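Okay, so chain A shows up in both of these, paired with chain B first and chain C after.
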Partner chain A sequence: MARLNLWRWGVFGLAGLYFVVPLAASVVFTVDVPGQGLTADAYTQIVSTGGFGSSLLLSLELALATIAVVLLLMVPAMVALRLGAPKLRPVVEVVCSLPLVVPPIAFVAGIVTVLKWGPEHLSRTPLFQTFVAIQNPDFPVVLVLAYVVMALPFVYRALDAGLRAIDVPTLVEAARSCGARWPQALVQAVLPNLRGALLNASFLTLALVLGEFTVAQLLGFQPFAVWIVNVSGSQAQLSVAVSVMSLLVTWLLLLVLAGFGGRSRTTSRG
Partner chain B sequence: MTATLPRVDTAPAAAVKRRRRSLGWVAVVPLLVFTAVAFGLPAWAVVDGAFTNKGTGAYSTANLTASLKGAYLTALIGSVKLSAVSAALATLLGLPLAQAVVTSRYRALREAVLTASGVLANFGGVPLAFAFVATLGNAGVLTRHLGLTDKGWDLYSFWGLVVVYLYFLIPLMVLTITPALEGLRVQWREAAQNNGATTAQYWLHVALPVLLPTLLGGFVLLFGSAFAAYATAAAIVGSSVPLITLQIADALSGNVLVGQENVALALSLDMVLVAGLVMAVYLPLQRRSARWLA
Partner chain C sequence: MTTNENVAGVNTTEKAATVEFRGLRREFGPTVALDGLDLTVRPGELVALLGPSGCGKTTALRMLAGFEHPDSGEVLVDGEDVTRVPAHRRDAGMVFQSYSLFPHLDAVDNVAFGLRMRGVRTGERRSRAAELLELVGLADKGGRYPHQLSGGQQQRVALARALALRPRVLLLDEPLSALDAKVRLTLREEIRRLQQELGITTLFVTHDQEEALSMADRVAVMHAGKLEQCAAPAELYGRPATAFVAEFVGTMSRIPGQVSDGVVDVLGQRLPVDGAGPQAGEVDVLVRPEAVRVGADADGKARVLATSFLGAAVRVTVRLADGSEVKADLPAHEATGLTAGAAVNVSLPERPVLVAERTA
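Now for the complex of A and B:
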């Protein structure tokens, strides 16, 4: 047994080393600048660097919009599938898994092509204005559309797990027997029971949008992740400092969530 | 009173059922319409563009042929090689870690490792890349203090990327394999021991055959994840390692040659086909492993 324990702690030790060292080294990298000694400049400079506020704000706005849209689309659909229409269940499952087969880079290649249709084919139709409007750099709606699609698999799994734990038909019937109307039954009986799943889905979507780089960069917008890469060229210390901060904040959020919602594990596929 | 009750009861029940069914459609249709537009249009654009000749506008397979030649083929092979090597390594390294986690007596430790794995597996990207640049890059902390450059270390190379990719692939492996390891019955080990098997024999003849579908499925899943990764590679290597995702980005933005957009779409279609193949292999394997470990 002692040998077994030794083996186990060896494995944990090595894994811990591999997973902690890059983080620790990053912190050292940001505070121990060659030639300057110990300094916290990299962290104090973050806020005053141009683009930090606006890109973070843009990312947060995009995240909120994505969460709102994806929940508005998914929650009624998933609840309705539990109440009836069982034939639609596999359809929704497949639709929500499809984004996993299309890597983000291939997805964005498609989006770029579709956006070009605007000037090429539709310049005389009212649709052209829509194409222009969704690419407004102040708030690119096209990114929200893309992120909602990319979040579908995560949100599907989170909501499915939550709905599996409760008996939706009984809840709704009980609420209806007590005289509640349909919207009332959904909002006041079903949704409160889904609080954990909704939070889970929201946080996963938040983390996805805050860290998303591929789509935003190739469409030419500058939310947070793209900004980090853009400043890294001129200010290496600063970009690492921001990276460390954003990693820690994301992990903290998700750890809090995991502690809140019990054991919640996520895999990117399957 | 009792005679009328069944009638009163059944008629609304049927109506409720009908209403529920129509309610189901009303609630699901927005989702389907949304995905048809936001996902279906780009997907159609990729397929259509990949098969369209940019000059003439006629349908042809020229783009697909071009996407499998020269620098593009090198990039495709580079991506496959990188993904295969890092997925294989992550499978080999993730298994003992998962086993150590599963057999640990400390519940808190298990929960912490599994939660951390969930986070690491999904949300690395750009920040992760910069953490590694700060650690093992040319001016990285470890590189400077240990003099790694003299020893031939280079983060901006094939093996450098493997080390970075393992950071999110190993946790993904731990997540994938843990349920299977939890499903290994203690009785199987005891039975093997009673028959005089050593630990090595137990693993070779009992545990590994049961775990094999899960391990293979995990490998395929990791391969797909590494294959699709773009942000990490773009932030670290620029284009010093040929990867298909970097080629697509270059072709899309017209960095190298103008007018390569349709080749980019053909490359994207290649990627979708590989990802589809990955899922086609993964799903049956997952079903097979579920049979043993139910």
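Now for the complex of A and C:
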């Protein structure tokens, strides 16, 4: 027992060192400027640097939109799959896992090609305006579309785990025999039991969107991750301060989401 | 326990419904689940659909619930064709085999779910749900979530939920099969008591013949998508209409015999043939263990193979001279001398017997 405990502490300590040391070093680097002593200048600079607020806001908006779209797409699809065509599940699983195999760089190259080709060939049709609209830098819909695809594998897995835990056909039939119409049965009998899975899916999507750099950068937009890289080029302290900040922000958002999930079941009483 | 007052509160105000299946047919790919099922359930009656797995009993029930649709034929409730009516407007309460309570709702809210769908106000539906929980003996468990209830309690809540909307028909799809033996017995009695108090027309699917015989007003035995016989339990057991029913319900032994002119020659006796059957030739006589007499007889050509003690009776398995085996139930005191290997004499009472085509 004692030996086991020793092992545990050893492993725990090593893992702690691995995670904490770089973080602590980053924090020390940002606050302990040679010749100035301890100072929080790097952090105050962040807020005053142009683009901090707007890029963070853009990232959050993108995350929310992506979560909404991907859940609206996947939840009905996967419930329908359970109810109507369980044999198609492996097919959908493979399709949803494809984005994991395609590197983001290849993915974005494809998108760029389409974005170039589209307006040229469709310049005389109303679709031209569509291409312009989805690349609006204030809210690039094309990024949402890309992120939805990239989030598919994670969302699929999270939802699948949740659906495995409940007997969807029986719950739906029970609700139907209680006089619930189809949409009611889904919303009132199935969805509440998927709350954990929905939160997990949102979690993963949020983390993905906040940290995504490749696609946004190559398409020329500036959400939070891209902004961090741009800023960090010029000032060393500032750049590290920003990454510490982004870590904290992501962490905080995840905590907020977890808080929603952790609340007791009293909310479901209608 | 249950006051008349709240039974009245739960009871349907209108008369109990008649349910009719007419020529129901349903195929799933190559398998025929229902092959022209005709069955009428009278108002306030509990009919058990009994049969081996895959005989179509659950499919028939699900058609009444509106979860399956027949390829042809129709389902009538009170003479009204409901074949095309969607499940949520069927007015049928259903209890499922697996635990089907909503995991995110406590017992009260589970029972009140249907009322919520109907738009009944919160206070009203909660008080009615509490009433129903009291009816199934779970008045103190209202705040529990399904995972905090035992299997039997969950099925009681499911029963209360099924009754909450005062359905015209109650459908029970093997509601007891996932429970352990003791709970099954008590819940069986309770379901029957409730059903009789409420006078609600009930269809009960089971593969357990004991359950069917002990609970139902009539038992409908199904085989390969068709109705074999629908009769009161005593009649089903005593006068099975077909060889399938005879062997599916209770224990039946086959004794070889020779039939001619409605009289069968069996075990050296000549007995009249009961009901339809082969008119001449080699047949098997079907006999219940309690109708077989076995006596120790040093000259007897039959030998005892095995005995097993059942409590009030002893079941003796006997091999006849021709090699066929017969089971007989004897009172314990008559069976004392019969041990394996003992020579015995086997006879049947002078009553009409059932015969079937020779199988072996």
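The rule we apply is simple: the second predicted complex is superposed on the first by the 231 of 270 C-alpha atoms of A that agree within 3 Å, B and C clash if a C-alpha of one lies under 4 Å from a C-alpha of the other, contacts with A are read in each partner's own complex, and residues count from 1 in each chain.
Everything below uses one rule, namely that a contact is a pair of C-beta atoms (placed from the backbone, for glycine too) under 8 Å apart; a residue touches a chain by one contact, two chains touch by 3 or more.
Being a predicted model, the structure only gives us computed values, none of them experimental.
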item: Touching partner for A:P137 - first (chain B), second (chain C), both, neither; value: neither
item: Partner chain(s) touched by A:A175 [first = chain B, second = chain C, both, neither]; value: second
item: Contacts of A:L145 with chain B and chain C, given as first, second, both or neither; value: first
item: Contacts of A:L98 with chain B and chain C, given as first, second, both or neither; value: first
item: Partner chain(s) touched by A:M74 [first = chain B, second = chain C, both, neither]; value: first
item: Partner chain in contact with A:P119 - chain B first, chain C second, else both or neither; value: neither
item: Chain touching more of chain A, residue-wise (chain B, chain C); value: B
item: Touching both chain C and chain B, counted on chain A across the two superposed complexes; value: 265, 268-270
item: Complex contact set, residues of chain A against chain B; value: 4, 7-8, 11-12, 15, 18-19, 21-23, 25-26, 28-30, 32, 34, 73-74, 76-77, 79-81, 83-85, 88, 91-92, 95, 98-114, 117, 145-146, 148-149, 152, 182, 204, 207-208, 211-214, 217-218, 225, 228-229, 232, 236, 239-240, 242-244, 246-247, 250-251, 254-255, 258, 263-270
item: Chain C residues touching chain A - in the complex, by the definition given at the top; value: 65-67, 87-90, 92-94, 96, 98, 100-105, 109, 113-114, 116-118, 122, 145, 158, 161-162, 164-165, 171
item: List of chain A residues in touch with chain C within their complex; value: 166-167, 170-171, 173-181, 184-185, 188-189, 192-193, 195, 265, 268-270
item: Touching residues on chain B, where the partner in the complex is chain A; value: 17, 20-21, 23-28, 30-32, 34-35, 37-39, 41-46, 49, 96-97, 99-100, 103-104, 111, 114-136, 139-142, 144, 166-167, 170, 172, 175-176, 217, 221, 224-225, 227-228, 230-231, 234-235, 245, 248-249, 252-253, 261, 264-265, 267-269, 271-272, 275-276, 279, 282-283, 286
